[in-house]
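Below you'll find a set of structures to go through.
Presented sequentially are two complexes of subunit A, the first with subunit B as partner and the second with subunit C.
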Partner chain A sequence: MIGATLSRWTMSYFAAALIALIAAEGLIAAGFGFPSAPIEAPDTLVVVHIVAIGWLSLLMCGALFQFVPVLVARPIHDNALPLPTLVCLVGGLAMLLLGFLQLAGRVAHGLPFFPAAVALLVLGFILVAWNLGRTMWAARPLTLAARFVTVGLVAFGATVALGSVFALALDGIATAGPLVDLTTFGIPIHAAAGLGGWLTLTAIGVSYRLLAMFMLAPELDRASSRGVLWLGTAALAVLIVGGIVAICHGGSLPLALSAAGLLAAASLGLYGNDILYLYRARKRRKIELNSRMAGAALISLAVCIALTVMLIALGRLGEHIGAVVFLFSFGWLTGLGLGKLYKIVAFVTWLETYGPVLGKTPTPRVQDLVVEPRAIKWFWLYFAAVYVATAALLAGAPLVVRLAAAAMLIATCGIVAQLVRTRCLLDVTDKLRLPAGVRQPQLLYATPRQT
Partner chain B sequence: MSVPNEALAEEVREALRVVIDPELGYNIVDLGLIYGVAVEDGGVTHVLMTTTTKGCPATDYLRDGARDSAWSVPGVEFVDVTLTYEPPWTPKMMSPAAKEHLGITDGDGW
Partner chain C sequence: MTEFVDLDVRPTLRAGGEPFGEILGAVKALKPGQGLRLYTTFEPVPLFHVLGSKGFSHEAREIDGGDWEVLFTPGPGAPAEGGLPTAAATPASDGEWPAPVQEMDNRDLDPPEPMVRILAATETMAKGEVLQALLCREPIFLFPELAKRGHGWRGAFEPDGTTYKVLIRIGAAAGATA
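Showing the complex of A and B:
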């Protein structure tokens, strides 16, 4: 089989992820966690992990179950496994949040939330890695995009492992000196491995393929794109191995972080150059909303890097790290995620609904499932609100941050409404919506055809 | 291929136009995704086709759609659809009408 399969549970992952994003934005708007509370406060950890695990990681896992088969031109190893995986990840996240609330004194002590979170999240990660790993293993030698995903999964594993140590140390189970040291000093490694390694490297790999597909641009596998992979991998290795060795054996953690940061910056510089090439070499002059929003997200990434460099030069990075992480998470990763989601939901819905009758009856195009002029205003509101919030964080104006988060929340709800309309075929003309043999798709899961 | 078979092959090509690439929104014949149509005596029809990208999730639907639309032509008794990625598809393979429809520019390179 040359083609890829339709992922049965990807829509469920997307739905769970969007609920988490709305919850996180609502909490920030309500004044829960940073910047209304200190950055290291348990309440902040609640919001951070709703974003990192609930939104970004579930979004990425759902997308990978659909698109790793595209990257390697083989069907997914197990199309049923993503459902129990989702249950483990969501259950693990719930336990983790309860653990943080327990730390804050908001939930009664006595129940082992952190160990339960570790067990469920580790199991969830193993299931993700097993399913995607087996799919890619069967497709060796791997394409460049698939190699990015492989490195991303390794970073995912390192992030989960470090997080597990932290959770067990906070629960009082892990008491060995090096583990306590890791918990005390290792948070930058955990955060950078998750946001930079798992989420960014994987997004970079998938973006090479998706941007080429959707803009009709040549697929890149040239020296610079391989350089992005090697430099990114080296940055991760220095970050994780160098960082842990520095903490446990008395080395310099700032030195390891700086070296990793330099390698990452070089990698991202090459990536930016590749993406400019892709946009310039595209055959479709008029690009769709998803590619325009990917451009806006990439600009956010560039602004984030420039902001980081400027703050380092001023010696104020530590003071404003919250603003940098906010822009990275919401401007780059979330902006890219929402833009691609707008396309992927339409594409997958088309495949499920109209694929089986292709050749038997006239069918709409993927673009006939969406109304871009109606959707785009929500995207621009979202990006504008992210930049206002980032500026307010830098200026130390928490009330403005809350107002901007409320605008982000409104924009996200507007985008979600468009996604639901797409899934329900509400924007397809009556003539083409449900020809003979076509079934209305379910909102939260796909029904792959029987082969 | 005899003259009647050539005429039937042309009818099959015409029938294949009902199949669209969902992403590009244009028929697979003008997009250049059909590399060849041959009809043998007895209405046995061979379609050689590709997709815009290897591993495209729509691959199986496009292949089956090509088979079904070819089979709908009177005189066609059997259809064999073969997928190939040699040569890989490029936008240069589109008809002028498809390029114009998609606003795709000509030029050197890919």
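Showing the complex of A and C:
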């Protein structure tokens, strides 16, 4: 069958991801890891990987299993595979966290947590790449958005590969000189490939399509959008290839990082320009919460770039890299993710629940599943708290960071409560909620119907 | 007289394989005007929708041992270069499908309103009638719903590249064999 159907396990990914986000915010608020501990401390690595793998990567994978078929107009290659994939990724994350806690001496030595983490995370990545790759392979030639996803998956692979080297070196299994050098100096490459390559390039690709769809703007496939892809890909290539060559063969790593940074900045500049064009060319005058929050996230990305440039000019980037990464992760990626989740959960739930009876009986509209004025307060609290936390990080006030993280935690819980209400149809009027032939959706998975 | 290219996917199916890619590859390789003669172990109903939406009509008949032979014949709407374009072909409205009894322009509606209106309209129409709708993008989530309800469809972007025209024939998928 041509067209896209519902992804069965996407809601499970979203649920696992949101639990990870809440856990990470709770840990920061409790004073676990950075900024209460040094940025390179094992405790900080625990928090960072809960955010990067548990929250952002699971969110992205769940969204891609639903939206890659939309981007390429083909069904997903395998709609059952995402569940074992999720088990691998969550299990791998748990092993990785135990490995970090082992480094910190919080968990007894002797158990091979790092090798187990590598095995599970690599397997999880292969399953993601296989499923999405096969789906896109069947739909060649690829649309622009799908090409972003492809490059994002390559960056995901590079991030997992570098992370695996680090984990095996920390465990004492990888002892070859270049691998130890990579572990010592390669962390910026690993972090930038993950946050910049995998998460940001993929989010950019999907955002072109989703923003156009939800704001009734024209689909973009113009020179500047292709420029964003080419410059972003070039930045990644310079970062990964140039960076690794520099480390292993005695080149200048700062030079490779700067060149990649310049290419990435040019790419993001073009992207910002495209997005402004989309917002201006939209036919829908009153934009919904998800598009407004995407706007707030994009502004955070711009602030993040401006902050980076300013810190470089002042020669203080190294000292404040934590604040930059925090704003990038929570203002840009998390802000965009939460905003889009609010729409995706409503849309997918609506389609699953009412799709079979559309036209046959009165059904609610997608907007009837949500109450935006109630939700938006939590979103503004979230963004305000992120900015307070970033400012406090720059000012070196860890206690304020913890208080702001607590506010982020409360806001996230408020948003999650809205998502659960949407999924359970609690905001739909009684008269329209369950017409004949309609079943209440399950919270954590979709039930595709065969008729 | 249409010239047919033969493709036998029975070995693939018997080996437990998935022949869909093979079939689409063969369709992609067809020259203009060529059709496809397909041999399978079952009546490939899902394929009728897929190739139907690309402008192919089909004739299926059961042959020896429960196997099937299906002839896919290109209509005027089939891809001129034999490819599977998403944006190039104009939709077929050959003699086989009657003129639309209802036309709707959904280009300025918020998604998923176009899908809601199309499905509502199909519920009011009689079997064999055709609905034409203009959209501003390919209705990805509509197609599975049309297939479930047994309707046939043909769709493609207009030459302007921004308007997607879809023709929906009520019940066309249910009684679609010759």
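Keep in mind that, in the parts below, the second predicted complex is superposed on the first by the 448 of 451 C-alpha atoms of A that agree within 3 Å, B and C clash if a C-alpha of one lies under 4 Å from a C-alpha of the other, contacts with A are read in each partner's own complex, and residues count from 1 in each chain.
Quick note on the criterion: contacts are C-beta pairs under 8 Å (C-beta built on N, C-alpha and C of every residue); 3 or more make two chains touch, one makes a residue touch a chain.
These figures come from a predicted structure and were not determined experimentally.
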Query raised in the report: Do subunit B and subunit C fit side by side on subunit A after the overlay, or clash?
Result: clash
Query raised in the report: Which partner does A:283 contact after superposing on A: first (subunit B), second (subunit C), both, neither?
Result: both
Query raised in the report: Touch check for A:216: first (subunit B), second (subunit C), both, or neither?
Result: both
Requested in this report: For A:178, select first, second, both or neither according to whether it touches subunit B, subunit C, the two together, or no partner.
Outcome: neither
Query raised in the report: Which holds for A:84: it touches subunit B only (first), subunit C only (second), both, or neither?
Result: neither
Requested in this report: Classify the contacts of A:355 with the two partner chains as first (subunit B alone), second (subunit C alone), both, or neither.
Outcome: both
Report task. Decide which partner touches more residues of subunit A, taking subunit B and subunit C as the two options. Result -> B
Requested in this report: Look at A:66 in the shared chain and tell me whether it touches subunit B only, subunit C only, both, or neither; answer first, second, both or neither.
Outcome: first
Query raised in the report: Looking at the overlay, does A:366 come into contact with subunit B only (first), subunit C only (second), both, or neither?
Result: both
Query - On subunit A, the residue positions that both subunit B and subunit C contact, one per complex - result: 1-5, 69-70, 73, 213-214, 216, 218-219, 283-284, 347, 350-351, 355-356, 358-360, 363, 365-366, 451
Query raised in the report: Any idea which subunit A residues touch subunit C in the complex?
Result: 1-5, 69-70, 73, 138, 213-214, 216, 218-219, 283-284, 347, 350-351, 355-356, 358-360, 363, 365-366, 449, 451
Report task. Spell out the residues on subunit A that touch subunit B in their complex, using ranges where they run on. Result -> 1-6, 66, 69-74, 212-214, 216-219, 281, 283-286, 347-348, 350-351, 354-356, 358-363, 365-368, 451
**Report entry** Complex interface listing, subunit C residues touching subunit A
**Finding:** 20-21, 24, 46, 49-50, 53, 86, 108, 110-113, 115-116, 118-123, 136-145, 147-149, 162
Requested in this report: Would you tell me which residues of subunit B are touching subunit A in their complex?
Outcome: 18-20, 22-25, 51-69, 83, 85, 91, 102-105, 109-110
